[in-house]
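A, B, C and D are the chain letters, set down in written order, and residue numbers restart from 1 in every chain.
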Amino acid sequence: MTRAEARNLALAAAAFALLAFLPFLKDSGYLLSVSVSIAMYTVLATSWALFSGPTHYISLATAAFYGLGAYVVAAGIGTISYPLLLVLAGIAGAVLALAVGVTTLRLSGVYFVIFTLGLAELIRQVVTWVQNNLTGSRGMYVLTEITERIIYWELLGLAALVYLVGWLVARSRLGFALRIIGNDELVAAHVGINSAAAKLILFVISGVFAAVVGAVMAPRYTYIEPSIAYSPELSFQVVIMALIGGAHRLWGPLVGVIPFALLWELIAARFPTQTVLLLGVAFLLIVYFIPHGVVGRIESALERLRRGTRRG
Amino acid sequence: MDILITGILLGATYSLIAMGLTLQYGVARIMNLANGEMLVAGAFGAFWVFTAQQASPFAAALVVVPGAFALNWLIYRYLLRPLVRRAKNRGMLEVDSILATFGMSFVLVGIMLMVFGGGYFTYSYLAEPFEIFGSPFALNRVVACLVAVAISGLLYWGLNGTRTGMALRALAVDPAAAGLVAIDVPRMSAFSFALGGAVTAAGGIVLSTFLTMDASIGVVFTMKALIIVIMGGVGDVRGAIVAALILGLAETAVASLIDPGLTLAAAYLLFILVLLLRPEGLFGRRQS
Amino acid sequence: MYRRTALKLAAAAALAGALPLGFTHAADPIKIGAVAPKTGPLAGGAAITHWPNVQLWVHQVNERGGLRMRDGSRRKVELIEYDDRTNPGETIKAVERLATQDKVDFIVAPYGTGLNLAAAPVFAKYGYPQIACTSVTDKVPELTKRYPSIFFTLGTTTAFANSVAEVLNKLRAEGKIGNRVAMVNVADAFGIELAEAARPIFKTAGLEIVYDRSYPLGTQDLSPIVKGARAANPDAFVAWSYPPDTFAITEQSKIEGLNVKAYYTAVATAFPAYRGKFGKSIEGHLGAGGVNLDTPEMKAYLAAHKKVTGKDADYWASPVTYAGLQVLEQAIEAVGTDRKAVTEYIKKATFKTVMGHWKFVNQSIHEFWTVGQWQNGLFHGVSSTGLPGAKPVIAKPGW
Amino acid sequence: MLDIQSVAKRFGGLLAVDQLSFAVRENEVLGLIGPNGSGKTTVLNLISGAFKPTAGDIYLDDRLITDRPARHIARAGVGRTFQLVRVLPSLTVLENVMAGAVFGHKRLWGREARKYAERQLERVGMAHAIGMPTAALTYIDEKRVELARALASDPRVLLLDEWLAGLNPTELQTGIALIRSLREEGRTVVLVEHVMDAIRSLCDRCVVMSGGVKIAEGTPAETLADREVIRAYLGDDDA
């Protein structure tokens, strides 16, 4: 580990520790609920980008994993302890991601995009059918003592984990392989990289995170409806936040999620009757005026700065 | 027999949902996530004509179809063309158009909410039994099927029998090469995008005679349309129609013979299988 | 990484600055928050059942000069409304925002079972009374124990299924139908729960379920399910359905000629749009809910609803939602804006509402309408858990 | 060491390679020549595993590699360059070369991989460009980087697809010397090339292709004098 890396790591740890104190602020309820959604999207978008950033595959299956995680909790709560359910949700996510990855990672471009969309719907249909015919109203209520504060901490922990995993992957052979795959898959094959396996590992990692996030969020909703747990809007939002931030940097999704979430929050708060219309307009403005994502903006600004100082 | 006819009728419904998007995505290369909203807008038009003007909902086509054409032309010209121009490759355009049209779908939902309110809109039109081989079927669905046949026939003739159609097909295969043979690519793309929007809105009019809708239901249609278009093969109107029919038949067969609870699961399973076995879609060209 | 903290702090400041902060002095209006879907899957229902009643109530209260407080003063009502886009996460955030940023005095309960339950912990945390008028759940005892300020008014799934069984048995006793029931349900929360509750209840009631299938939410063609039900040759048809499919099932039944003497569809049967779409052919249709249309209060309510909002109220949850607001109104007028006192008052007092006299027992209303029937163009309550004014059930004539 | 037996490759209706057989001996430089479109690059793609042959077999050291994926063939010690240079644009020059060292035949990691990659860059005369982004490279330099990447995997067989094309006379001499030195350290080289000088001075043997079939095989002098070869060249292409 270089000194810069150690410093960054320490700073990150300090930041997380600081954030962990947020629930103790006075009147933090609203801030906390905003932070929960920011943390949730951060984990989802970052883990999404771990896979999609280097491989350029756009997956719209986030909701499938998320919903699966939520359902594992809903079906098992009361008989199985909650921490164990989180683990089970992770395992379920991994199994699903593995099955999906093995069959689909050879699809490319838009086919993969729509495939994952179809997949999310398929999972939703199958889970609903199982629920309707086997578990019934059990698998709908998640009544626990878990408060928003605990959910926030869990998400914060997951965020730390996702960054740790991302950082470890980036320094590993796997990360290097992914960068090569993202550049040129043919070259990757010809230098001896097993690109299918590399993509699969990352897909599984992102699937596990999404499933665990779903499991963490389930107690917050109390009542799990298929149309809400498997909302396609979630998948789209994750993709969009990650892309707006920039998927090729580990911290990219974060700089997309935060301003995006705050902007949306602001619109929702200030324009309650035209929320959707203005969200759309804000969104279009972002797409047209920040074409390379926030990361792109930051990087080009840094580049200008560097060039400026060099010249001066 | 019942299953067959019901399946074909449902397939026709699906083809109405998907045909517009084939033109927009297959030819103009815009994966339009606001497509469903255009459909709902068309349906709103029909609803308004029927309830407020006491006229046949199909009369709405006189205004809605040209209106949708013009609106989509403008959308392409002023909102999408800049994206096409700045995209370095197909992948970038895909990402940009997903993002932009996603935003547009919100804007359209917002506008419809303001204009029409958030409630359900539904009315009864031609909701009578129509006997085919001794079994009753909904007349409005039969009419929808006929309209679907008419639209697809027109499109087929338009694409295969006219100069413009040839240009569009060339564009669908390879925009760069199409430009080399003196096809006005931007104009043709705008045309096909606008045409797709008009077809979608027309579909909305027909569907409103038997589906209950509200301002935010568009996304449901967008998803279905995407799946049908991809399953059929991008840029091929025939493919979309065949895929729609297959889905319609499969859903009906599963609902009648196995369990209605698994209809959509079966549809998505079928879609996934098609994609796995023929990633380029039923009628798509394999890309090298 | 430290950028994250900085951004968050900046954001908190920005939000705090951007949002209207509430300063309540005596002469100020009472601030009422409301959050429910204006978009998303539940928006269609909320636009019929929820929002118009909020609008109507606020309009009427302010028309009267405001709420008449105990000290004789009048305080108008100021409404702050948010769209949760049918997303429970948004509902939670919006309720937090109302509670801590807008500092509203009271909050109208959200719309639907899922969104209400998601928001319940927040209501409980800040002690806001939550009169959940559009929630139907069998977990009422557990939920009321958990959340001391939640109130249920619409009923339980078991009660709904029980009443349907009773109505069917009544018709059977009169010799109008046999005991064969075809049952279908939408595979979404409410539909699943109702179907699950109904199976044993129907069996105990001596009804034979000859067809029992679910269909996914968003099915575009329900004719196979109607055909399947018809093929089972039932005497009664029960669909635990949601709004879009209620319309589709009815239309399809009409086309297929599903001729049963007892025909039940759940949510949306009581919508005016149902009558608007099907006209006279819905005579004798059974559906969830119902009201006593003969009371003067109900008549006045329906007229005012039409006049103020320009739309007809539905014959089930609309007046219940309005009654919930009346409860809030009367409680505030009785004890003021102290939320704890209001909650306690709601638990104990009896309220005069458009739905009749309401008295909460264990935080829920135990007398509610369960089954209604279209008779002569109006949706009358025909079965309830002990309310007066039920009309006799009739057998459904042909289409 | 490399044995191609009756290999065929069909693209849709087009038969790009038909019943082609030849062998490459250990430590030789084999020239694969022929007019444009005769299927040379396709043959390299078949050997490296980029394409699967429609028929026939390919052996590497008596091991069947016909249906092995490209990554296995690469790890077995086959390195290659591409006709249209494929550098990895978002990686630095050094990282481009490290790609070969990390994942290829050699499988190094960390400092070792870096050092090894640096040595390969020195070898192709690109030591000065180690930290540069690839965007700054000229076409010729890109070719060198690509060769360094292939070398970094320490290949036993090196497939060079028109690697010498486009070099100026001085560069050409350096290039030829470089390839020769590769052979001297015991590697086997298959060379698809149009530069006749290079073929004459480097190749031990040549295989001449035309229209997907082999029309001649032998020493450069023999094959280039072959009537059929001359006809093939003059027929399509005035080489």
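Keep in mind that, in the parts below, contacts are C-beta pairs under 8 Å (C-beta built on N, C-alpha and C of every residue); 3 or more make two chains touch, one makes a residue touch a chain.
Owing to the predicted nature of the structure, the values given are computational and were not obtained by experimental measurement.
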Count of contact steps on the shortest path from subunit B to subunit D: 2
Most central chain, judged by mean C-alpha position against the global CA mean: A
Contact-richer chain pair [A-C vs A-B]: A-C
From subunit B, the most remote chain by mean C-alpha position: D
Distance between chain centroids, defined by C-alpha means - subunit B, subunit C (Å): 35
Subunit A-subunit B separation of Cα centroids, rounded to whole Å: 31
Distance between the centres, which are taken as Cα means, of subunit D and subunit C, whole angstrom: 74
For subunit C, residues contacting two or more additional chains: 38-41, 187, 214, 216
Shared-contact residues (touching 2 or more other chains) in subunit A: 125, 128-129, 132-133, 233, 275-276
Residues of subunit D engaged with two or more neighbouring chains: none
All pairs of touching chains, each written as two labels joined by a dash: A-B, A-C, A-D, B-C
Residue ranges of subunit B touching subunit A (in the complex, touch as defined): 31, 33, 79, 82, 86, 90-91, 94-96, 98-100, 102-111, 113-114, 216, 219, 223, 226-227, 230, 234, 259, 261-262, 264-265, 268-269, 271-272, 275-276, 279-280
Residue ranges of subunit A in contact with subunit B within the complex: 56, 58, 103-104, 106-111, 113-115, 117-119, 121-122, 125-126, 128-129, 132-133, 232-233, 236, 239-240, 243-244, 274-281, 283-284, 286-288, 291
Interface residues, subunit C side, partner subunit B - complex: 37-41, 43-48, 51, 184, 187, 213-216, 218-225, 227-228, 243-244, 247-248, 251-252, 254-257, 268, 271, 273, 276-279, 311
Contact set on subunit C toward subunit A in their complex: 1-5, 7-8, 11-12, 14-15, 18-19, 38-41, 80-83, 85-90, 92-94, 96-97, 99-101, 113-114, 117-118, 120-122, 125-126, 137-139, 142-143, 146, 157, 185, 187-189, 192-193, 195-197, 214, 216-217
Touch list for subunit B against partner subunit C, complex: 2-3, 6, 9-10, 13-14, 109, 113, 117-124, 127-129, 136-139, 141, 210-217, 220, 224, 248, 251-252, 255-256, 259-261, 263-265
